[in-house]
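After this come two complexes, each holding chain A, first together with chain B and then together with chain C.
And then the complex of A and B:
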C-alpha cells in the first residue's frame, strides 16, 4: 500500500479512518441550525389541540372564540384538510386531524396559527371540543376479540412461522412468559419545523425527519398537491432513533401555511413530544424451548403479542422482526412461532432502534439462561453450541449466505477480562446501587454478571424495493455529493465524504443539503441501512463520474480506456504516457446520478417461510451489576461487548454508535418506561421519564469489532446502529437474575420487582 | 420591563415581559439560537449558559434576574468563529457529539466545571455533568473530551 500513500496530497481521512464530522465544528460552536432554530419574516406560530381522552367521540368543535382572539390567523379542523384525510408509513390509517373519534391520548384534533407562540397557546386553549368519552381498549390481550376501535379492525397483523416438525420435542423443556414495557426514543431535540408557501402554490417544508421522500408522499397526498409542489428540506435533527420515521407536525405545518399564505413554525415542548411520536411496542411473550441433554436446541415455540396502539405506523414490519428473530441467533430446526400486533387505545407504537428484535431478544435470552440452568450448562457454552454460522438455516427457512461470525462474537465478548472493580465495601458511596441516595448497605450488595446475544436484519425486508439515490458532480476539481439521506446524528455525512474521497481521491467533498427536489429518495434513516444503502449510492455515483472522466482522458489522449487507472486522484496509463490529476483531467462539469438497490428479498409465505431479509448483524454483551436485593437498587458497572460489523468505516463513529446504543439498552433494562394508565401517559417529562445520565452509564468496553466483510455490502460494511441496543438489555437482566435468584421476567426491572417480587 | 444584560461581551437592552425565561430571551431577542431547549423542566441541561461565569440552566432563570449581569452563551465562548475554545476543540476531536443538540449546554457546563475543578478525575467529570442529558453518545466521549480539555489546559 506504500505507493498509494505516496499519491496522497493532504491525507484527508478515507474509508476505515476516524474522519471527524463535517458538521462537528458548527455543532460545537452552536452555529448548526436545528429545526427549532428556523426563522422567516412574517412568521406565524402553530399549536396543536390534542385529545385529553384515550377514546372518545367528538361531538362538536367550537373554534369561534379562538378565531376571534387578536393575533390568531387560523383555526383548522379535519374539515380543512384538502386532500387525503389519513396518512401512514405503511398503512394509511391515521387521521391528519381526528374528525369523529379520537383513539389515543394526545391525538391531534385542531390546529391554530397565531403571531406569537403564547397567543397560539392561548388560542388553542380557547378551542372548545366537546367529547363523549368512550371506554378505551387498553389491554392488548383483549384487542382481537373486542369491538373494533378503527374501521380497519383491531388486529394489525399476525405472522405465523411453522418450520420443521411442529410435534418435535426433546428431553429438556423450559417455558416462560416475558414482558417489555413501552420505551420512548427520547431524542433531545423535540419535534419542530417550518412551512412556507411557495410561489407556485405549493409548499416548502423544513423539518427534522428520517425519510424525506416518504414524508413528501404523505404530505402531498394530504394537501391534495402533486408531489413536485411539495419540497421538503432536512432541517437540523436533534436525534431520531425511530421516532421521526412517521409524520408528526409535517402536514399540520403545511396546512397552516397553505391556509394563511405565511410561513408557520411549530416547536413541540417535551410533554407534547411524548405524545407526538410513536414509541417502542410493549410486548407480552410466551416461550417454550426444547433441547437435547447436550444443549442442542430442537424446537422453539413462541407466542408474541405487541401493542401497536391506536394506529398502524410501522407495526406490520415491527411484528415481522419480532417474529422472524424470535428464536434468537441460534440453529433451531423446528419452530412454531406466532406474532400478533394489535390496535388499542394506547399511544401509537412504531419504530425504535432495534425494531421488534429488542422485544424478542429479551425473551429468547431469558429462555437460553433458563435452559442452561436446567441443563447445568454454562450459559455462554449453551449459546456457543447453538450459534448460527454462515450456511445455516433460520426458522424462516432462509439460508444465511452472508457473514455470520456468531461464535467469534460470543468468544470475543465472553473471554474479555472482567473489569477491575473495587470490592463493594471499598467503593465510594456514589458507585453503589442507589448512588446519591446513599442507601445501599455494602453488606447487602451482591455482584453478578450476565451474558446475552442478539441479532437483527439490516435494511428493509419482505420484498420491499429498498433503494437510495445519490448525485456526484465534479466541477473545477471539486466534488459535490447530493443525497437525501437524513443525517440524524449517526454520522452519514462523515461517511459520505470518506467514501467519495476513497473513490475519487479528491479530498474536498462538499455535501449539498438533503432535500426532495434535487435528488431521488435515499430511503429511511433506519434499519441500520444508510451506511450500506446511501453509502452504496454515493459510491456508485462517484464510480460513474470516475468512469466518464477516464473515458474523456482515453479519448483525448488516444489511449485505451482499459489501460487507464485512477488511484488517489491521479489518472495514469499503464504505459506511463499519461499522468494527470483528476481535478485537471476534464473541462466541463461531470454529473452522474446513481440509484443503489440491494438484492431483492421475498415476502414470507403462509408458514412464515422465505428469503425475506438481506443481511443480519450480531452482537453480544456481558454486564456486571451490583444489586441491593432488599432495596431493589441496581448499579450497572460495566458492559463489555463484541459486534459483527463487516468492516469498520470510521472507528470513532462506530464506537460512538455502540456506546450510545448500549446506553439505550441500559435505559430499557433498569430505568425507562412510559407509564400508561387507561391509555394516558403519566410521565411526560424528563423529571419522570428517566434516561441514563453520566452517573448511570456503565463503562462500555469493546472486546472486539469482528470484521468479516459482508459480501454484498459496499466495502463489506454492515450497519452498526441497532445491534448494541438489542443484546444490552437482556445481558443486564441476566446479571440481575444471577445476583438475586429472581425470575425478573419484565423490563424495565423496577426496584419493587427486586425488593417485593410477586411470588 | 427593561433589562440591560451583557451578552457575550456586548451590552444589550430589551423590553421583556417579566415572565420571560433567560433561554427565550437569548434565542428570541438576541437571536442566539445556539442555546437549545430540550425539556422545559430543567432536567436536561441543553440550555446551559454562563451567568457571571457560572453555569446555569437558562430555562430556570428569568431574563430580569440577569439584569445588569453578564451572560455567556456557546456563541460567545471562543474569541471568534474561526477559533474554537479548547473545550469545543476537544468535543469535536473526541467525537463527543452525534446529533449535537445537547452539545452547547454540555460544553458550557464542562467549561464551568473546569473553572471549579481544573484537574478533575473521570468521576468528578461525571458528577459535574450529571445534570446534562445526552441521548446519542452514552457520555463516554464527552467525559473523554472534558478530560482532554483539562489536560490541554494544564
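And then the complex of A and C:
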C-alpha cells in the first residue's frame, strides 16, 4: 500500500449531472453497429413465410420446391419445433409457427435459411401453403359473444373496480364515448438478429430486445434446451418502446441455426416489421363523471374495451393499467369501472410506452374538460381541485404513500408563460397547418390551447416479484459493472456508470455487455423501471464492494471501519492516519453480486381493490395548436410540460425522454394509426404510417421537473420515460376542441374529422 | 455484359435501350429502388441515366422553359427556376425529403405515372409538352397523352423521356397539396392554378384525385371569363365558384390515405385559396 496525496477526479458525470451517451456520436455518424449489422463467417440468411389471411385453416404446407432451390439449406414448419410449441410473455398462447390455423395477418407459418437473402426470399415465395380462409373476427365489441378463435377463449381478461358507493351520484353528470386507434411503436431499427450454434449443442443469440432473460426462458422452452445452453447477448437496439418485449424472430433464428449448424441472420424489412411486433391496443371507452357544483368529483363510471388481437402478449397487464388509472390522477371516492381486453383476428397488441394509461387518459381528460364546461369552471382549476396528493386513496383502495406532487405539476405547467397567441401572421407558411403543402394563409388559422394531466404506475404491479441483478467487480483499481439491463435508448449505459462513480468514487467504470451467461435477470426495460430497478442493483453491488474494500483497509491498517470514508477514489480515515488510493488498497479482485427487489405488491381482489402498484408518476401538458378548420389540418405550435420525476439523475437524458415521449403523443393525436381493414394492415410502411417530422414537432418547453424524492427509490428518482406520452395526446386534442368547437372523441384526429365532421 | 450500364450520351443510351428490351431505365431511383427493395420489381439489367449530360438541368429558350428529364427536384427549387416556373418550383419543394429531392427527377415523376406525382398537376395546368425519344426518332406528347392510368404510360420499351417544355410564367401561379403531416408526405390531394395574363387563360391541374392526370376544364373556362385581366380582379363569388367547379372535376377514391369526400372537399378549398392568392 502506498499513500497518495492527490484526488483523482476527472469530471466524469456523476448522479445528477448531464452524461452524454457514449454511442451518440457513432449513431449520428452511422458507425454504431445495430442488430441489423451483425455478421459471421459462413452466414445463412433466414426468411419467414407469413399468413396472407387474418384467419384461415392451414390445409397443407408443401416445402419441396423451396427445399430443392440451390442455396437453400432449411425449410422448417411447426413440425420442426423440438420443444414447447407456444410462447408468450404472460400467457403461453402464441405458436412459434402456426400449425393448423392462422389467427392474424402476417402470422409466421414456415421458415427458410439460404446462403443469400435474395435466395431466402425466393425460397420463401416457393413454399406453397394451402389455406381454407375463415371469417375473421375483427370487431372487438363482438368478440365476447363470438365463437372462440383460440382454445383459450376470446376474453383475455375483465377487471372490475368497485369502490365506495356504486349508487352515488351528484349534481352534475357528463357522459362520453371515446376511441383510440392502433398506434405503432415505429422504432427505426427493424427486428434483426443472429443465432450461432455453440460447441455444447446450445445456441448463442444476438438480438435487439428489452428483456434478455425472459427471451431466454421462452427460447429455451421452444428449443427443448436447458436455459444455460441458450446464451443471449444484446445487439445494438434501434428503438423499442415496448415492441421488443415479445419474441419476434428469436426462436426462428435459433431453430434455423440448430437445424443447419451454421450462423443464421434475419433482418425484417419494414412491411414485415409492421406485422412482426405488437402494437398499442385500440380502445373503445364509455365514461360517466358525477361531480358536485363546486367541481368536486363524486363518482366515475367507465367501461373500457381493448382489442388485444390474436394473442395475449401483455394484454393482461395493459388492461390492468387502463382500468386502474381510468379515473385519472384525481380523488374519486366512488368508482364503477370495468375493463375488458378481448382476442380478435386483428394484429396482436401488447406493450407500448404508456401501457394502457395512454388510452384511458385520452378519455378521462376529455371528460374533465366536458365537466369543466358543464360547471363553467376553468379546466385547470377543476383539475387542481381534484388533484391527488400523498395520503390520498386511489379507486383501487391503494393509499399513495410516495411522492405525489400533482398540484405542483399542474401549477408549474399552467403558469408557464404562454407563447403569443396572436402571432400566426408572423410565421412562415411552412410553420402553419399544412406545412410544406402551402395550404394555409394566416387568416385561415385558429390558435387555441388545451391542458391535460396524466399518470401511471412505475415498475411491475399486481404481486409480480420483480427484481434486477448486477455484478460489480473491482480489479487493479478499475471497476466493471455487469448487468443484463437492455439499453434501448433510455440511458442505462450512462446511468450505470454515474451510479458506480457516485458509490465508489472512481471515474473509470466499464459497463460489460448485457448478456444472460454472466449475470442474472435485470427484468424488462419497460414500465419506466430500469433506473430504479437496475440502478438499484448497481448501487447495491457497488456498495457491497465498497464495504469489503473498507473492511480490508480497516483490518490491515488497524483502524475502525466506521472511521473510513471512500471519496473520489481515495480511502481516508477521519483521523488522517490513512490515506490510500482505492487502486492500491486491496489485493486481488473484489466482486459482489446484488439482486434488487422493489417492495412487494398485491394482486387486485374481485372488486379491483388492493395495493397493486409500487409507485406513480405524474405529468401535465399544455398544448398550443394551430388549426386550419376548413381543411382540418393541424400544426402543434407549442408543448409545455411539467413532470414529477423524484430526482433528475441525468438532465440531458431526462430532456430527451420528455421530448421523445411528447413526440409520440403528438403522433397519436394527429397522425399515427395503423389502418386495419378485415384484419389486414393497409399502411405497412413509413410512406403511409406517418410519424411527426421536424415540421410537425413543436419545441417542447419543460416548465419544471418537480424533484420531490420518492422514498423507496434509489436516489429518490422516478422513471421518466412514459408520462410524457400519456398527457401530451389529450392536451393537443383539448386544444383542437377549443379551436374548432367539435367533440373530437377519437384519436388520431384526421383532417376529415375536423373539416367534414358529419361525414 | 454488366447488369448496369452507364451511358454518357443520349444517343448511346437510346442505342443500348433499342438493343436490349430487358434494360430498365433508372433515373433518381426514388420509386424504382423502393420497388426493387420490396420485391415488386426484379430488373434484369439497368440503364443508369445519371451520367447522360443532355438530360440534366434546364434552360430558357425564349418563352419556353426546357427542362431536362434528369432535372432534379432540388434544381427546380432553385430561385432562378422559381421565377420562370413558380408553381413547379413550389411543387418540387413539397416532394419527399431533402434526400429524395436531391436525386428524384421530373422525368422519373412522369414515367412512374403515379396519380400522386406532385409535378403532374402543374405540368397539366401549364399544358406541358413531353419530348420522348428512341433510335427511331422523337415524338412530343401532352402529359395526359403520355399517362393513361395509374402507373400506366404509352412509352415504348425503347423510348426515353428526354425533356419537358413549359411556357415561362406570364402571370401568377400557385401549387398546394395536402397530406396528413406537414412535410415529407404523399399527397392526398393537390392542385396547381396558373394564370396567363397575355393569353387570358387559366390552367388548373388536379393531383391524387383522378387515376390519370386531368385539368379542371370547366373551372378554367369559368375563371378565364370571370377574371378582369387588366386588373387581375374578379367579382364576388368567383373564387368560390372556381373551387366548386374544380372539385366537380375530381373523381377521388377512398383509401388508407384519405376519403373520397375529404379529397373532393380539399380540392375545392385549395382551388379557391389558390385563385385568391393569384388575384390581386
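The rule is simple: the second predicted complex is superposed on the first by the 740 of 759 C-alpha atoms of A that agree within 3 Å, B and C clash if a C-alpha of one lies under 4 Å from a C-alpha of the other, contacts with A are read in each partner's own complex, and residues count from 1 in each chain.
Assume a contact is a pair of C-beta atoms (placed from the backbone, for glycine too) under 8 Å apart; a residue touches a chain by one contact, two chains touch by 3 or more.
Note that the structure is predicted; figures quoted are calculated from it, not measured.
In the superposition on chain A, A:433 makes contact with chain C only, not with chain B. Once the two complexes are laid over each other on the shared chain, residue contacts for A:84 go to neither chain B nor chain C. By the touch criterion stated above, A:632 is placed in contact with chain C alone, chain B being left untouched. When the shared chain is aligned, no partner comes close enough to touch A:508: not chain B, not chain C.
Using the contact criterion defined above for the overlaid structures, shared-chain residue A:65 touches neither chain B nor chain C, since it reaches no partner.
Residue contacts after overlaying the shared chain place A:693 against chain B and chain C alike.
In the superposition on chain A, A:33 contacts chain B only, with no contact to chain C.
Counted by residues of chain A touched, the larger count belongs to B, out of chain B and chain C.
In the overlay built on the shared chain, the residue A:653 is in contact with chain B alone; chain C does not reach it. In the superposed pair of complexes, A:186 makes contact with chain B only, with no contact to chain C. On chain A, the surface touched by chain B in one complex and the surface touched by chain C in the other have residues 269, 271, 430, 687, 692-695 in common.
Chain contact summary for the complex, chain A toward chain B: residues 18, 20-21, 23-25, 27-34, 36-37, 185-190, 236-241, 267, 269-271, 428, 430, 488-491, 652-653, 656, 659-664, 685-687, 691-695, 697, 699-700.
If you check the complex, the residues on chain A that touch chain C are 121, 269, 271, 430, 433-439, 441, 444, 630-633, 635, 670-671, 675, 677, 682-683, 687-688, 690, 692-696, 750-752, 755-756, 759. On the side of chain C, the complex with chain A involves touching residues 37-39, 90, 93-94, 174-188, 190, 255-259, 261-262, 265-266, 269-270, 273, 277.
Here chain B touches chain A in the complex through residues 27, 32-41, 43-44, 46, 73-75, 78, 81, 84, 88-89, 91-93, 95, 97-104, 107, 123, 125-127, 129-143, going by the rule given at the top.
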